[in-house]
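Shared between the two complexes below is chain A, which has chain B as its partner in the first and chain C in the second.
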Partner chain A sequence: MRPPDFAFHTSPTLEDAVSVLASENGSMALAGGQSLIPMLRFRLVRPSVVVDIGRIEGLDTIESSEDILEIGALVTTNRVAQSSEVRALSPLWADAASAIADPLVRNLGTVGGNLAHADPLNDLPAALVAARGRVVAEGANGTRVIESDDLFAGPFETSLRRAELITGIRLPRSSAGAYEKMKRAAADYGVAGVAVQITGNGSGRIAVAGIAVTGGEEVATRAREAETLLVGSDADPSTIARAAAATAAAARMPGDERGSPRYKSELVKVLAGRAIRRAMERGAAG
Partner chain B sequence: MTSIGARLPRKEDPRILAGKGRYVDDLTVPHMVHASFVRSPFAHADITSVDLAGARETPGVVASYSGSESAAGMPLIPTAAADWAPPRTPLTGDRVLYVGEPVAMVLASDPRTAVNGAERVDVDYEPLPHVLDPWEALSPGAPLVHPDRGTNKIGEIHKVIGDPDDAFARAHHVVSRRLTVQRISASPMEPRAILAVPEPSTGHLTVWLSCQGPHTLRTWLAHIFELDESKLRIVAPDVGGGFGSKLNLYSDELAVIWAALELGVPVKWVETRTENFTAGVHARDQIHDAELALDSRGKILALRSHFVGDLGAYFHFFTPVVPDLTIDTLTGNYDIPSVDIKLEKVFTNKMSIEALRGSGRAEATFVQERLIEEAARELGIDPVEMRLRNLVAPDQLPYRTPFGLTYTGGDYPALLERAAELVGYQAVRTRQAEARKVGRHIGVGFATYNLLCGFSPSGHDWNPMKFFPGHESTLIRVDPQGKAVVYSGLCPQGQGSDTVVAQIVADQLQIPFDHITVTHGDTETIPFGGGTHGSRGAVVGGHAALVAAERVVEKARQVAAAMLEAAAQDIAYEDGVFTVVGSPETAVSWHEVAEEAHFLKRCGPMFEPGLEATAFYDPPDVNFAFGANAAVVEVDTETGKVKILDFVSVDDYGVGINPGIVDGQIHGGIAQGIGQALYEQVSHDESGQVPSASFSAYLLPSAMEVPRLTLDNMVSPSDTPLGVRGVGESGTLASPPAIANAVADALAPFGVRIDRTPLRPDVVWELMHPE
Partner chain C sequence: MKVSVVVNGAGHVVDCHPSTLLVHLLREELQLTGTHVGCDTSSCGACTVILDGAAVKSCTVLAGQADGREIETVEGLGPDGRLGPLQRAFAEHFALQCGFCTSGFLMAATALLRENPEPSESEVRKALEGNLCRCTGYQHIVDAVLSDPTGSGQP
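And now, the complex of A and B:
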């Protein structure tokens, strides 16, 4: 690798990381490095200081309370994929993490990095949005909680402030979730993905639905109309078909090496249908 | 004691698997500087100025050169395969003809600093109209890649044999298709790498090069730089894959050598993956307008293909002859009496085409097997039956193809029938019918291949190349302990030929496999040889080892004769012991002979001391290997994704010296074929950029994409002493059409035409849902 010049700093604590990031203009945090290192290799970023946050303690736990599943920012995506707790309490997240690249990438990449990088092809943003999760961030001015709808500002852009780090995420527990992704090869980014999470009203109807798309022009396109279609319904096949079509209509899909907008749109429809059905099945079973 | 045929573990593996391989990038020499290149971002442009000032100011930069300043003092780069090559210097001075063409070079204390310097080189370009499509390149008024020539057409070959016009006129049925074999990249795991070490005091130059054959390149290097060949040394240390892409001396590599000679210091350059995708050679890229004339029973009367080979902007060593190989192999294993084949070769504003595992023949196999499959469908004949009606039958052997190739061995119908049996053809058909009822789409596809290989007898038509030996060399040196070092002219890039050569030598010398060390890839120590390419390792290199070993045994027999006071012709050698025929108690061991050969303690000067021999083996003819593949796929018609459910390969590679290595070669070849069928594509956008220039866009099949492969083989020994046939390339030929045929079969209910690869999900989906 032939990156541009940069200084390297390993932060022992969160406070140290925040203070170095705040004091050094152009500094960047390094977590699993699975996005930052390729960017450095292509010289797409030129940080003055790379601040390794990977050694900070206490950010790599998975914990749950009565209705919340909490995952630390430094938990690797492979741990999320393999965790039986996540599988039980947020199958959507277990699916999405398992769908990321290959074990080599998953073993290093972190939840915080995956979200903060805000790559429209990263899988966790859509999973966060569909689950209506929250992100906990720590910066020079203390801790704040960011709603999933407020995190992503555009491709590779978030509402995180300078020197603000994600420390963890909070996900509403739900067994009725699923992530469907189409990738051309195992280690490839997806062509498209659809995240679905549903909450029932206790009498066979849908009370809350979250649907978000990976691979659109935006990061995690939320399919609001599709959500509305599902709410109040019992997810009968025709409603699912309409919701799937509405999901495809919501996401503007770019044409590129992975396919034309027409193909990708159709794919989103197919994946949305599959994800809704699977989420419903799981909800019924759980 | 026979080692030939044994599935011995590879000698190479413990070192390489433990990360102890030594590649060019692992080498460090004092005062070494590192190169980085500035490359053209345009497909066609005039260079109006190059400003090196920024690079020269960059701390750590040692020197920088531009083509505009230095090209006049640089040599021209020739081609091996034609009398004329488009003129070109290592760095381009005035006009760039493809994206990735090197225009400037920066040398610095470390590779990263070299890139820092290269980033600060300012090049101004005046873009020119470019041409990327080969048909467009042939049409009047197209931008000219080499204006002096007045045309983009490089040349044309037209072979009409038999009476194709008559056959097409009286045919019961004609099937016609435009079939495209896309541009792909060899993608070796180790990209190109070079370290040029000049010794100004003596005028010597050593070049460490990731390559496939150092001797030829030494001759070329001497020729290009007008150097004394005896003062040049090329060493290929461990090489991490080549597949044909490392048979060359590239312009950027020559620039590195040029700079090392200019500065008198060692210069190293290891290419990046992006560079490998843009400035490393590409392959395939042919478009065929092909048709078959058939009688009512599906017997092929004639094959016509008028095709274009898009060769890119410049010639590398084999560029102008790669598509020629397609012509004479287009009939494959089929008995086709009449042919009309026309090839037009074209310049475009792209990187050059070169040899790549299966080159020329893979394109031919795709065209012939795709056409036959379509013919079967159109005539309503079962595709296996269709092939059986047309394959050359064993009783037709020796069979002379329309192109004058002579096939002597094998049973092509039996290979196909075995593949059909192993894939459970009838069961798959049943399964397919069941699956269709529930909306699932399974397909089965077949393809056969005939691999022309073992390049090439010197003076043979197949070897028109200047400075390209058809022979292979081996020197075997036995030490006083009786252990042998084998200096093989092969230059493996992972094939495992050290093991294969050791097995051949072990059987002749009758010494343990472990007592043999094989070395290769160094012009200083190895006799002049051809290197590793074109499935010639065992076929040519193996025989060189065999002959050298026979000569060593002959010499040992003379020593033993002296020791046993008998005539050499009365000495028998068996199980590592020399005896006098008829009196087995009068014996000396191999070890005793080896010691005596060096010290002459027992016999005195009755023979010339030493126990070694060299052989240069020039094969009497090219070689053929053949086989059949069967693929079962499932297509997700909603997403377009193709999944390979089963893959069978039945191969006839003659005698397998090491079945494990042979299987590995076939596995690797099929993996590359799967890549060609489903994943790989070098793409150019409208501006001539290469958006596929990274592994996130250029999809290479990984272990996750290659299914479990079922291999079987049949043995028809070749007419050579070892009975071997080539195998290195065989997997690449039939696998792409077998998979494409399976996809076509799966999608038959949709009336979809499969005319090109790769069959990526979006491609398959678009075929099913035309706009």
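And now, the complex of A and C:
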């Protein structure tokens, strides 16, 4: 299948991309192309102009400060998966990026594109929500910072405005994080995924817990009740079991060719238990 | 639009439509038909080429994204019409039957061996996750890649 006709514009700078996207009706940004090009081929979208943002400089860095890990929008998901800095400062994100598709897709797909596309089966939205990360976006009216809870508006919908581009993300650092995903085949989207990030209070109790689910009815469903159950506890087995059940209830898993709601909800429970335990083990180790 | 690419070391300037996919640029404009289209849904990896050092699915790259870049295809593995070492390893290990997926596997494995000349079996399997083969059952392909075809693991 071949894409429909469109004009192709390579943006040398962020300013150029924002101004072309703002002025051209029906224009769309292209980053890694690993979601957009399949959609073009299936003719699910018909942009007038494809604006390639992939060559804009300065958006492909990974940097860290005392408590924040910053990842540029154009960093490929393979780089996130392989970065020792990400592995140390946000094992949740290292896990989630490694779980995406296959290395060929990850070599081109970007962090910004994975979030902006807001596919309910994309893995990074749940990782952003569980980490309580922020997205930095640049548009015609300047820069704004969007909280993870305010980014996803529904399947394939975000609160990004027209001609507004993600330039990077800011993640609170935590060694107590994990992402657990179940796939049917090596290089497939998941059936479900659960992201967990925890911050301890320094004396063996949980101060902040983030839990979000991939594959639910919403994009990156936050499991609030499960988070509340964990906070203040020392993650004893019975609390973990109750938090895992609450995660499954919050996710409201839809039935489709990947499984029935009942099967998927059982799966989310298992994945949530594993992710919480692994996050706690990692937190204890360092 | 005009797109300039270096393919297997040779420069080309191609005049193509903006909606052209890299795989079609290679196959139809440059007549390099060793790169195959298997699924056309970005799932099979038969179209794998190396773009600026990274293995990618050429059916999921627009020509304009490849402009000014370097591309390696299966034709580059055996420049004089003779098989390169990895290709010989595939033949010796029965790593192909119908051969439709083979060029994609060769390119993905070439990128892996360059980065990691002595991969473990699990590293090989992970690196080839994006490539599907309907014939061999994968074990022979993994064996071929593990057979140290380029001799780089030798002292």
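Methods note: the second predicted complex is superposed on the first by the 285 of 286 C-alpha atoms of A that agree within 3 Å, B and C clash if a C-alpha of one lies under 4 Å from a C-alpha of the other, contacts with A are read in each partner's own complex, and residues count from 1 in each chain.
By our rule, contacts are C-beta pairs under 8 Å (C-beta built on N, C-alpha and C of every residue); 3 or more make two chains touch, one makes a residue touch a chain.
All values reported here derive from a predicted model rather than from experimental measurement.
Peer 1: In the superposed model on chain A, is it clash or fit for chain B and chain C?
Peer 2: These partners clash in the superposed model.
Peer 1: Does the superposition put A:Asp5 against chain B (first), chain C (second), both, or neither?
Peer 2: A:Asp5 contacts both chain B and chain C.
Peer 1: Output check: A:Leu108 vs chain B and chain C. Expected answer is one of first, second, both, neither. What do you get?
Peer 2: After superposition on chain A, A:Leu108 lies in contact with chain C alone.
Peer 1: Using the superposition on chain A described above, determine whether A:Pro155 touches chain B (first), chain C (second), both, or neither.
Peer 2: neither
Peer 1: Tell me which partner A:Arg262 touches in the superposition: chain B (first), chain C (second), both or neither.
Peer 2: first
Peer 1: Looking at the overlay, does A:Ala186 come into contact with chain B only (first), chain C only (second), both, or neither?
Peer 2: both
Peer 1: After lining up the shared chain so the two structures overlap, which partner does A:Val270 touch, if you call chain B first and chain C second: first, second, both or neither?
Peer 2: first
Peer 1: Do any residues of chain A touch both chain B and chain C, and if so, which are they?
Peer 2: The overlap between the chain B and chain C interfaces on chain A comprises residues 2-5, 102, 186-187.
Peer 1: Applying the document's contact rule, which stretches of chain A touch chain B when the two form their complex?
Peer 2: Interface residues on the chain A side: 2-5, 43, 102, 182, 184-189, 191, 256-260, 262-264, 266-267, 270-271.
Peer 1: Can you name the residues of chain A that touch chain C in the complex?
Peer 2: 1-8, 10, 30, 33-34, 37-38, 40-41, 50, 52, 54, 78, 101-105, 107-108, 186-187
Peer 1: Chain A touches which residues of chain C in the complex?
Peer 2: Contacts found on chain C: 1, 17-19, 21, 24, 40-43, 45, 48, 54-57, 60-62, 64-65, 67, 108, 126-127, 129-132.
Peer 1: Can you check the complex and tell me which residues of chain B touch chain A?
Peer 2: Those residues of chain B that touch chain A are 36, 111-112, 114-116, 119, 272, 638-641, 679, 683, 691-692, 696-697, 699, 701-702, 704-705, 760-762, 765-766, 769, 771.
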